[in-house]
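Below are structures written as structure tokens.
Both complexes below contain subunit A, partnered by subunit B and then by subunit C.
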Partner chain A sequence: MSHTDVSAMLSSLGIGTHNLPKILVTDPQAKKLEAKPGDVIEIEREDFGKSYKHYRYVVEK
Partner chain B sequence: MSMQAEVIKQIKFGIFSQEQIKKLSVAKLTVPDTYNEDGYPIDGGLLDQRLGVIDPGLVCKTCGGRAKSCPGHFGHIELVRPVIHSEFSKIINMLLQATCQKCHRILLNNEQIGVFREAMAKELAAEMPMNEAAADRHAEQDLLKKLKSVKKCPHCQTVQEKLKFSMPTYFYLGERRLKPDEIRDMLAKMSDDDLEIIGIDAKTSRPEALVLNALLVPPVDVRPSITLETGERSEDDLTHKLVDIMRINQRLEQNINAGAPQIIIDDLWELLQYHVTTYFNNETSGIPPARHRSGRALKTIAQRLKGKEGRFRYNLSGKRVNYSARTVISVDPAIDIDEVGVPTAIAEKLTVPFYVTEWNLEAGKKLLERNEYPMVLNVVALDGKRKRILDTNKEDLLKELKPGYILERQLKDGDIALFNRQPSLHRISIMAHRVKVLPGKTFRITYPATAPYNADFDGDEMNLHIPQTLEAQAEAKYLMAVQNQIFSPRDGAVIIANGWDGVIGTFMLTQDDNYLTKEDAEHLLSTAGIRELPKHSKNGTYSGKSVFSMLFPKGLNYEAQQGSGKFVIKDGELVEGVVDKKMYGEGRSNKLFAAIVMGYGFDVLQDFLTKSSRLSYAYTTLFGVTIGVKEYMLNDALKKDKASTITETQGKVADLIEQYKEKKLEPLLGLTLRQSLEQTIMVELDLARGQAIQMLNKNTDKSNFAMLMANSGARANILNMEQMSMFLGQQATREGGRIKRGYYTNRVVPHIRKNDNSSAAHGFVANGFVDGLTPLEMIMHAVGGRGTVIQKGLLTQRSGYLQRRLANALQDYYVLQDNTVRDVNNNVIETIYGGDAIDPTKVEFLKQKKE
Partner chain C sequence: MTMAKETYDSSVQAGEPVGVIAAQSLGEPGTQMVLRTFHMVGAAATAIATSGLPRIIELLDAKKMPSSPIMRIYLKESYAKSFAKADEVAKKISEIKMGSVMRRSVESFSKGKILIILNQQSMQAADLTARSVAARLGKELGVETKVGEHGNIIISAHTKTPKDVRAITVKASKSIVNGIEGAGRAMVTQAKDGEFYIESAGSNIEAVMQVEGVDPSRIYTNDLFATYRVFGIEAARNTLALELRKTLEDQDISVNDRHISLIADAMTADGTIQSIGRHGLVGRKESVFAKAAFEETVKHLINAAAFGQIDYMRGVTENILVGKQIPLGTGSVKLTIKRKEAKKKEK
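Take a look at the complex of A and B:
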């Protein structure tokens, strides 16, 4: 996600990055996306046929 | 309601130093005894009057207070030789491990210290969120552990000797045992700066305080002695332990002064260490617990706090509450599902507050004047003081009554109460009921309300709580009322519904060919509280369906599949279908309730439930439902069916075995020939039972009550019936196969031949309970039965614990107004609750709305 998008999302939820679920940089999925610590990954999830957005904050450890 | 004045930002725990102990202490205790011959507390003894008094009449020598006003004061014992505080020995070990044995500096070189300090400063300045800071802490702790392997001190270059620690209190340097005084000296020489790196704030706790020179003695209020009926005094376990410590301490002192040999002194010293260790924790691993004269282990400090019966779980988390009652529960089909029958004795004791205001002052006075049952028991005045109403003060209270007073009035019909059965596994284990005061000694609930509590009436007890504020009452009434909990929060299935004789009646009533006389129809409807009759048919009778339709709200339309047919309600009239458990009982197949709620709301549904249950009970009573062995006796046609099924099946099995022996059997995919044989035999035997059920269905009279029960869903199913009247069928093991093991190899009991592969030899029971089982069959049945019981036990235990862990892990999550799921730290767990933000209890409403 771009930085502007991240701050928009965070302010709409009224939280900081540390309030998001975390993902390790060493996680295979994070590696695949070449994510760096501090990035926020946006995930399209599909449950019951409806899609919605979920977020992960990339951390070092 | 008071305002919150201050917020607690942090709490710091520290360790008392020797000086602090002495400052805190009001008395140095020297005599290892409690009372003298006159039964008077000895000065300097363990019940010294300076430590506070608990006997009425005595005066505390410290504060001058009496038993009630004196809070108790700490004293102290000075130990002649220091001992290690066993509860801290791990920390002592860590400290000794991390410091040089000669210069007592931390075993990190200056560069490492710098890195450490920098990290700590960053942590402080950044105000890292708690969980991240905790992770960093962990990394530091790990580093400290590695200091064990440092061989040479980076500051004074001394080669470190191997330090051995043996639980709970022994330390060795090389081969030599370190005595507590040496350890104390070593710890005392550590610098405050080094301690900071390790994570110890030397201002509040110096490490040498972990080795005790003086022992704080808790006040007598903490360890009161009890006077037995015989006049004998019995001391608290802690007092006993303290006597032991003081006695050894005194002996040690005498020996030292007398210049006794070192071995004797060391022995006593070790004994002192033992007593101090067990004083703190009598379950310290590695040492035998100190025992009472009777052989019972003493309950010392740690034991008072720890575990289920300890201070925390028993007294602090598990406080007892007022305004509650508990008794046995029983059924009452006459009350409403959202009512609870409360015994008069309980209703007279429990109270509900009546808040006196400007506007209800007169009503309050009238209430206060009453002298019989719903009367006021207590008055809470403006100062918050509670006064019991007596004949003597009633007049005065009436006069002084003014807005702001609270009258505590006895419980009466219609009050809101919370009703609960343990274990409280889900939110519907506590529901709000309306009070209905009834004679008798038990709480009464209806059958439908038992389901969410998982209650039955074989002696179950339940708890009743009376909400005491208007807010609490409103919350209970609107959020927790029984009729609002009809749909399960798990999957939206109906969980509060009629069952048993509550469905068999409606089932019989709504059969297609059922017509009632006018008298019967009137009787039934009037029990349900309906004073009108439906339209009668041509010959003046009333169809069962039309009678039942009187219960539906006006204009209800509903349609559902029922078996191969249909269940149709058109304009409040049941046109097609039968009201059975599938349509209107517990479970997900009941969609009728959702339809009623959608169109008319929960209160109408509740009304429908109550009325239909009364109708069903009345009809069941009128009709008379009863069963006997008769229901399970086979008619001639079925007898023939049974015999043919069994011979046919056994023939098939014999054939299969024959084919197997001749190696003609076609193996199944992925199975060996033997496994294939087993598999095909199993299928064949299971099929036999299915056939038997079909035959029963076909050839049993419709008026057979057992069949009626099974078909309506009231109790049992056709399989149960088949197993009794036809044959029991294949008995399975926990592994899912036929019964194979039991007596040595290849057979279940010695009464069958080795390698007998017939159906009977592996648990096929060809008789039913009505005919009786052969001895071999009975054994097979017992084997199967035992397996089932074990499996059931295992399953409930495991799934119960799993469920509990899940519930505990998730309990603090909540759904915010924007449908995100958050925890207490405002962390986002899910961006949309459940991926769709749908409340499971309302799934069925949504589905019906779409149609």
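Take a look at the complex of A and C:
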């Protein structure tokens, strides 16, 4: 996700990046996307038939 | 309008203790579940599977290895259409140990040689040849092997100490002669849409992915940590939710999906798989009082006093302890008055 999109999403929800679920930089999927710490990854989830967007904040440890 | 209202109402209210509700929603039906693992007689390769409460506990405790791992291996298109080709792949994966295809072994200590007499019946059933077994055995043990008369295998141990010869014999019977370590017995199964795939009673997706014909993006295993290592945290979360759901469904228990999703989300929120309980989620509580209220009261209080820890009183436990309103529901809102407005009203 681009950084402007991230700040728009966060302010619409009234939260900060520290509130988001995390993903490690060493995670296989984060590596595949070449994500850096501080990035936010948008995930399209299919959960029990419902689809929605989920976010994970990339952290070092 | 009604649709919009319904949608709004069914979404959760701010301050709702969703965690407690999820815990109760799962805990109550849990009392009705089968307490013991029992073995079912079935035709599939996965006939023996941990189910019921033991499996739920295993998942929530985030055990490193499930007690009955399985894999569902999907194949590339050209392999998935014919049974023969799928079976070929399954034979490459299926783990067979020396012990299950041999009848007995004879050691010659003076010559430093071991003769392994194969069980031709089980060899045929597993579709193995003495030559392939000998080759694999040699590779696994790092010794010289050859096929002798009557299709038996001769190991040249290159040592004459009886102890070493015996050590090799013992190792040989436990050695893998076909397939992938940990993969278990693999069998071809057909899906409803006619696609052939492989089910196996073990888990080693890292190695199975390398096998030709396997579609590496579509391997499923109930081993959470293997999924986490190979596919990452999101996949592990989905596996966790799916496994919880399936285990409950097998017991004819219906729990709303959102509770299961919440648990799976909570367990994977920090980017790793955390267990629920003292060592995982609950153990990460920041409040001194909350920790002291749970276990080892004195230890926690003394430590907190010695290191000058601060309790921010943000959690539920610590607020109950001191008799304050808990920060949930009504307590999650704070009320303040705007001075100017208040004065206006007075007038």
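In this section, the second predicted complex is superposed on the first by the 61 of 61 C-alpha atoms of A that agree within 3 Å, B and C clash if a C-alpha of one lies under 4 Å from a C-alpha of the other, contacts with A are read in each partner's own complex, and residues count from 1 in each chain.
In this section, a contact is a pair of C-beta atoms (placed from the backbone, for glycine too) under 8 Å apart; a residue touches a chain by one contact, two chains touch by 3 or more.
Model, not experiment: these values are computed from the prediction.
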Partner chain(s) touched by A:S11 [first = subunit B, second = subunit C, both, neither]: neither
Touching partner for A:L24 - first (subunit B), second (subunit C), both, neither: second
First, second, both or neither for A:Y55, with subunit B first and subunit C second: first
Intersection of subunit A interface sets (partners subunit B, subunit C): 21, 45, 47-48, 50
Residues of subunit A touching subunit B in the complex: 13-15, 18-21, 45, 47-48, 50, 52-55, 61
Of all residues in subunit A, those that touch subunit C in their complex: 21-24, 27-30, 43, 45, 47-48, 50, 56, 59
List of subunit B residues in touch with subunit A within their complex: 129, 132, 135, 818, 820, 825-832, 834-836
Residue ranges of subunit C in contact with subunit A within the complex: 229-235, 238, 241, 245, 257, 260-261, 265, 268-272
